[in-house]
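First the structure, in the form of structure tokens, and then the observations on it.
Should a chain be cited, it is by its letter among A, B, C and D, assigned in written order, with residues numbered from 1 in that chain.
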Amino acid sequence: MSGLLDMAQSLIRPQGASDTVVPPTGFTARLTVFVSAAMAFLAVFALALTVSANRLADRWASELAESATVRISAPPAEVEIQVAAVLRVLDQTAGVASARILTTEEQRALLAPWFGPDVPLDTLPVPTLVEVIQDGDGFDAEGLRLRLSTEAPGAVLDDHTRWRAPLVQAASRLNFLGWLAVILIGATTGAMITLAANAALAANAQVITVLRLVGAHDRFIAQAFVRRFTLRTILGAGIGTLIGLVAVIALPNGPDDGFLTGLGFSGAGWLLPLTLPILGGIVAFFATRAAADRTLKGLR
Amino acid sequence: MITLQNASYAYGADALLEGMSLELSQGSFHFLTGPSGAGKSTFLKLLYAELRATSGAVHLFGQDARTMDRDEVAGVRQRIGVVHQDCQFLDHLTIAENVALPLMVQGKRAGADLLDLLAWVGLNDRVNAKPPELSGGERQRAALARAVILSPDVILADEPTGNIDWEMSQKVLQLLVELNRMGKTVMVATHDIALIRAAKPQVASRVLRIQNRHLHLAGADL
Amino acid sequence: MSGLLDMAQSLIRPQGASDTVVPPTGFTARLTVFVSAAMAFLAVFALALTVSANRLADRWASELAESATVRISAPPAEVEIQVAAVLRVLDQTAGVASARILTTEEQRALLAPWFGPDVPLDTLPVPTLVEVIQDGDGFDAEGLRLRLSTEAPGAVLDDHTRWRAPLVQAASRLNFLGWLAVILIGATTGAMITLAANAALAANAQVITVLRLVGAHDRFIAQAFVRRFTLRTILGAGIGTLIGLVAVIALPNGPDDGFLTGLGFSGAGWLLPLTLPILGGIVAFFATRAAADRTLKGLR
Amino acid sequence: MITLQNASYAYGADALLEGMSLELSQGSFHFLTGPSGAGKSTFLKLLYAELRATSGAVHLFGQDARTMDRDEVAGVRQRIGVVHQDCQFLDHLTIAENVALPLMVQGKRAGADLLDLLAWVGLNDRVNAKPPELSGGERQRAALARAVILSPDVILADEPTGNIDWEMSQKVLQLLVELNRMGKTVMVATHDIALIRAAKPQVASRVLRIQNRHLHLAGADL
């Protein structure tokens, strides 16, 4: 915490003598800004992918989970009894919001692919379908299946697990890959900033020697480098994040519902990439301070 | 101000300087001479804590150099003005800024006397030049100006006249003598025996000589 | 081309005087190797994603496209005639490899979800289903539909376009994002190497001055830097690619068929990431040479 | 070897050197003197093509310095040995490697004479030291060794004795005289008039003086 206070302090302080005394670091400066910008840009994309995959997984999971069906095939005489039994059971099952028998039209629509649009439903031994809308965490499918098998032997519960599992898995996998990328990018950036700071310090060994010789305190020397690298990283990451966000917004969007076409953030999610420059600044501050301390310890 | 008690120094295995004892009292003026590579610069580095004696004790303003931490070293250096033999400058700053550097690193600003000082060493028309744009002699004079800008208690000058002509050398010597009269302690390392001779009438100086690893008081032959 | 020859030459030549004469560039060296490695690592992942998405799109597209079906619902008397007509039409259609009537078992399997496993197929007015296997570019669905409507009015062609389109689109979108990432990473790496080379040259301005003063030719001076940066980039990219490949292989794989669970390369695809060190080396060679030429022109 | 015809040089707007004409013929020995900042180093830089005359012509080995390309400049420098005033070394190489640098950049290897040369300038026991580990005088002697290692046609020495004591200066002078006797063209810039006087009996030298922007032949007063 005191580190963060130090950081805020040294950034807020107006440009002082220590800034003029350390030479402009030219290419290392541009390198730092560029690296931060590029990495922030990539991070924004990775974050967008992650967040989108997450959202997608949620949507798929809930869409499919919300509508389970129970199919009742029974000898005509028993159908009504079993349907009533099913509805009663469902009514008593925790996690079921509502259940209703599909209308003839809905059944017809479902069967159309197989029998054409003019299915003679009356003449067919078509099973009765009951749509189950879940609420909250959903119901215990196994328990329900067990109860149904005793109370309505002709009823079969289809909770779409078969479809849901791979889709949800795919989305959460994408999510995992996204976070992996974000973490990799973050670690890489940290390492690069550290190396760039070290390179700048090594290139300025002569300057540091002269400053020590004329009586400069370590704090004075370190501050110039630390301040510079922190500001540069924040600047670079800020630019990269901005361009990244613009690119995410500008990315051509496919049809509304297609998979991955909704790449981007929503609501408070937009704040997520804005943390990138802040995180970058914190990494740069501590990395440069450590590098400066190490370099200075090598001199008298 | 500065005392050495039986101090030795070795860069590697072999001792370069051995068993040196000396007291630089306030207001004294010393010359340090000896052949090239004898250890004059090394000796001065012990006095401004760039090097630590390998044995024996060095006290700077009463503080033991062996136990000083990094901030104390920085503090001591603000009280000692050094003209380094290889004139260490920051190439991206102007000469004026370089001369004012000891002030800047303390967060202070240079006053009008900066220009006076630069005029005194004959650099008034090179104020805004960068160090690589100076001639060898100009750089040496700038180094002298930087050494005295803080008005330090002790002035250590390592070959301050190596690259400058005789007339300019005399002027530099005069400045050092003047500073000495103001009560500053001065030590000048030089191989220029003519300079030491020229100083004789102006100041009561002692001449030290490094030879065969030891510090001697040079005789009247100089 | 002659540039590439130069490059090969200067890399193959044994370590010479020019390598000793330029000081070890310490942190800039490590920075270069690290940047190349990190970027190659990310590039391998992006490539894997791209290639996988591409493969997925192909698989989905072909799986769905390969098996179109024709459903023939007709009054029992006409069924046989229409089925024969359909088979004849299909036989004459370009792009159809084969067509066959589904067996009773296959029909039962298809209908099971709706009617349970014991569908009394005989008693149902179940349409006859003909599976159409495409070849090459597939057939002209619209034309086929038109011919069928005249020659077998009870036949309906289902070529799964409805399902295929969004899936293929999603996969190709992922593919697009993957390539975008690869290109971004490549461009970023190039820029970083250029900046790092420039930083190293700037840090060595003094060395270059001394070398010029003692009569070194530009070629001699440039070569040391160019050789060094090229080798370092190749080394870094090689390491990064290797780690990336290991990571791609080691990534926990989900069930075989899930979406994205098969992240990785296949067959000749494994060669793709191996081009990364080569490309990196080429970029580094030209970037450093340009930087060295520019720096040297500034001196006499 | 080297000729100047009415050559001038200006760093900025004001001319530093004006209308200089000179012919350095083979085997000649020149001293160059003048006050600090007069332009001695600048003049030498014109002679080894580090600077290009702002007007007038400079010919190096018959080539016009104005039309030389970068490779020709490198070639000319391999024929001119220069002792730079600020002894430019590569700090990551040893003294032996630094002295052999003019060979190394041509892809050649130093022979046994490298050690002889180092012994001659009194650096035989510092062969493997890095430049920052040398004393000021040692560095200057190493610079001299580097200037002569290629056995160049012309030797330009800028204050080669600025940091070394009188005896060592005499040795350096002797080396230069010896090289001159071998037919080399020598020019020594120095502010040390005693050195010039000491050379008189040894070599038929001409003394040039830069004053008020012009090159003069100094009279017999030296």
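Some notes on this structure:
Everything that follows uses one rule, which is that a contact is a pair of C-beta atoms (placed from the backbone, for glycine too) under 8 Å apart; a residue touches a chain by one contact, two chains touch by 3 or more.
Note that the structure is predicted; figures quoted are calculated from it, not measured.
Listed by label, the chains that touch subunit A and also subunit B number zero. Here the chain-to-chain distance from subunit B to subunit D, counted in touching steps, is 1.
In this assembly, the C-alpha centroid of subunit C lies 63 Å from the C-alpha centroid of subunit D.
As a whole-number value, the distance joining the C-alpha centres of subunit A and subunit D reads 68 Å.
Centroids built from CA atoms put subunit C at 23 Å from subunit A. Shared interface positions of subunit A, defined as residues touching 2 or more other chains, are absent. Arrangement of the chains shown, judged by which pairs touch: one closed cycle in which each chain has exactly two touching partners.
Chain pairs that touch one another are A-B, A-C, B-D, C-D. Note for the complex: subunit D touches subunit B at residues 11, 35-37, 39-41, 85-86, 122, 133-138, 141, 158-159, 162-168, 191, 193-194.
By the touch criterion given at the top, residues 16-18, 20-21, 23-24, 206-207, 209-218, 220, 296, 300 of subunit A touch subunit B in their complex.
The touching residues of subunit C, counted against subunit A in their complex, run 26-28, 30-31, 34-35, 38, 41-42, 45, 49, 71, 73, 110-111, 113-116, 120, 123-127, 156, 158, 166-167, 169-170, 173-174, 177, 181, 184-185, 188, 191-192, 195-196, 198-199, 202-203, 254-255, 257-261, 263. Those residues of subunit B that touch subunit A in the complex are listed here as 49-52, 70-71, 73-78, 82, 84, 88-93, 97, 101-102, 104-107, 146, 150.
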